[in-house]
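Just passing along the structure, written as structure tokens.
Letters A, B and C mark the chains as written, and numbering starts fresh at 1 in each.
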Amino acid sequence: MSPEPPPLLAVDRLVKRFGGFRALDGVSFSLKAGEVLGLVGPNGSGKTTCINTISGLYPPDGGAVRFAGERLGGLAPHRRARLGINRTFQSPRPFASLTVRQNVALAAAYGRRHGAGGTVSLAALLAMLELDHLADRRAEDLNSAQQKQLDLARALATGPRLLLVDELAAGLNPAELTRMAERLAALARDGMALLVVEHLLSFLDRLTDRVIVMNAGREIFEGTLAAATREPEVVRVFLGSDHAG
Amino acid sequence: MRDFLAVGLPVVVIFALLPLIYANQLLLFNFVLFLILAQGLNAIYGFTGYLPFGYVGFFGAGAYGFALAVMHLAAPPGLALALAGLAAIVLAMILTPLLRLSGAYFAIANLAAAQAVYQVIANPALQEITKGPYGVSLASVFAPRLSYGAALLILAGVFALVAWLRHGRFGLALQAGRDDPVSAAMAGIPVVSARIIAWLISALIAGLAGGVFAWHISVFYPETAFDLSFSIFAIVFTLFGGAATLTGPIAGVLLLYGLYNLIGISVPQYFQLIYGALIVGLVLFLPRGLASLLQRRGIDVP
Amino acid sequence: MLAHALLGGVIYGCYFALVGLGLNLVFGVMRIVNLAHGDVLMLGAYAAFFLFHLFGLSPFIAAPVVIVGFFLLGLPFYYLVVPRLALAKDAEMLSLILFFGIQQIIEALAAIAFGSSERSIPGRVLGIGPFHLLGETLSRAWVIGGAIAAAAVLALYLYLYHTRSGLLTRAVMASREEALASGIDMHRISARAFAIGLALAGLAGVFAPFMLGSVTPAMGTSVNLAAFAVIIVGSLGNPLGTVAGGLIYGVGLLLMQTYASAWADLLPNLLLIGVLLVRPTGLLGRRVRLA
């Protein structure tokens, strides 16, 4: 029996409190290189909080995040970026007064993972995300779908090994959705681990069949997407919200 | 570099030549002084968004750093100028925790800090060291032409620095942190330490300005060196022209300080009235300064 | 000496609570930093001065005149400036700069109109002879200034907690978003709070000649720093926290003046910086304001 290598990301009984309220209440899961894990749940169930805690924006109040076997503890977000953890934001957060090119170039200059090398050139990255014709525009002049692409381009410019994606599909048209799904699938094929938060289940379905369902800060289901939709508790949780997908 | 050659250097050269045809050197010196201060404020406000109402604190610390070095160490002006810059940097280091505060809290705490430094230096209890409220006289090093030249050198350095901030990696990182500190961190930018560096640079500029000011006028009182007008002018000139550009603060100083000298000297209240109205108008109608008139049309203002 | 300093400190504390009260109300409701607050106070002081010297009206009459007058001026002023400001992305920071400009205008106009000489009102107009309280002898003018300030604080409390309009004001303070969503007429509430803020500053100004010494057009900045120290020590955005801030400030100031008078001026600044760094939310606050 050959020893199993440690998973790239291991989240262990993670707790995050806001005041007395537990936004994350003991969440555990793990993720291997090249794997895509979907994270679904009704509004306010703690999905974004989970991404924020893994990316280091909030210190956890309990539990641990391990990356490539190392416990991250209170490591600052910019150091996590350099380790190879990156993310997009639910509502995009570009550097508004800088150009698209500057946005991405900064991430490449400061956030590039040690050893990531010059895998993709800046120009190729912009072209891949359909931003090349906008390269010299200020980010604040982009529409929100374009800003989402920019968020992703900036995250990819750091050469991440783990990408946390927060509702990338919202606001994209069907053609854009298809291209985005293909793009993420290609990243996973090249060995990147992806945690994908998504309300749009049809989008998730194209990327993975392994999902976690969260409700009120807890994990209530782990398994295939198809099985999740048959699980009574999951159905009950989603029927209470208007985002049943 | 291009910006510096196109905009900064010509301004320095013009101010180097002006004394040949214009006799009021004190006025020219004041122009140079405000050009330095406005760019120094620009370095912190324009690039990080932190508005230091107490910017004059670093200026005063520099002026007194220079004076104390001359009085107690008999330092030559060059060394005293270096110590002036050092005094401001030390003060800025003490005040770095203020950067944890945001927006208005930072601005007000910084103002209080500047007042506190003034009250310590002007305190009669420290007369032995600072001469307290009675002011200092540095006649032994008085050299108006040399100090004017030193001011021009500082100005050239400050222009080069701001030009670098505008296009260099570090300056862009600062602007990213200003636009959105969270996503800047995710881009790998060490936002906090970058801000601290900008803060120290900005303080150093004000400290050098204060030092060269002390050298040039050679007799001054604590309320001259800590006059809140230095903060106010630097802020207004920068805002008026447009922060985070090299040209904006220059335009602000040349236009507004020029206006001030046309109408202001004899009745400063009238100028205060005008720039008060200017600020109100700017905030309500042109919050990003003159430069934004061009930027809005897609023109890149150096 | 200690008892005298403490008692005087409490009296001064009430007065300084009044000085900070309006500023804090405006910040709490509108998230606007009224940097012209100290200058409004200065205008109140000049109003009292001229009402006394030109018409022989005592500050007791000047007070209601100033309160009503400043309130009525505050309403249109609000509509002229604030709604436009609220549109901006970074309204808090812009408000700081905007009101800084307004401060400069007021200061300049005051200097042009009133000259820069120091003005005062003789203390005897508030009554003659010293005042005895708990075995200590105090200046009558102080006691009256402190008592009127305490009454004003109480009046604001009654307004906020026992009137409908006060209830709405507190709703806006608690959460602008929710208040807006529940259909409260935000601008009406805000305009009223703004005008009350100015009226309170004016009232503090009427008694400034007795509490702060002589009056000059340039007094605004130092008043502002004291007011900021008071409300930051108390708790920003929570008007009643101002009282705690005022008392700490007043007692601290009198203790400093009694035992370390050379350094007494440093107090507001050190207090302000110290509290901001150690507890940026104010001693009673809970809102975190870190960058």
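What we mean here is this: a residue touches a chain if its C-beta (ideal position, glycine included) is under 8 Å from a C-beta of that chain, and two chains touch if they have at least 3 such contacts.
These numbers were taken from a predicted model, which means no experiment stands behind them.
> Line, ring, star, complete or other: which one describes how these chains touch?
The chain contacts form an open line.
> Of all the chains shown, whose C-alpha centre falls nearest the centre of every protein C-alpha atom combined?
B
> Whole-Å distance, chain A centre to chain B centre, using C-alpha means?
Roughly 43 Å, centre to centre.
> Just how far, in Å, is the C-alpha centre of chain C from the one of chain A?
Here chain A and chain C have centroids separated by 49 Å.
> Report, in whole Å, the distance between the mean C-alpha point of chain B and the mean C-alpha point of chain C.
Their C-alpha centroids are separated by 31 Å.
> Could you list, by residue number, the parts of chain B that touch chain C in their complex?
Contacts found on chain B: 49, 51, 97-109, 111-113, 115-116, 119-120, 123-125, 181, 228, 232, 235, 239, 269-270, 272-273, 275-280, 282-284, 287.
> Could you list, by residue number, the parts of chain C that touch chain B in their complex?
That would be residues 33, 81, 84-85, 88, 90, 92-98, 100-109, 111-112, 221, 225, 228-229, 232, 236, 262-263, 265-266, 268-270, 272-273, 276-277, 280, 289-291 of chain C.
> Please name which positions on chain B make contact with chain A in the complex.
Spelled out, the residues of chain B in touch with chain A are 169, 172-173, 175-176, 178-180, 182-191, 244.
> Tell me, which parts of chain A touch chain B in their complex?
Its residues touching chain B are 55-57, 76-78, 81-82, 86-87, 89, 93-98, 102-103, 105-107, 109-112, 151, 154-155, 157-158.
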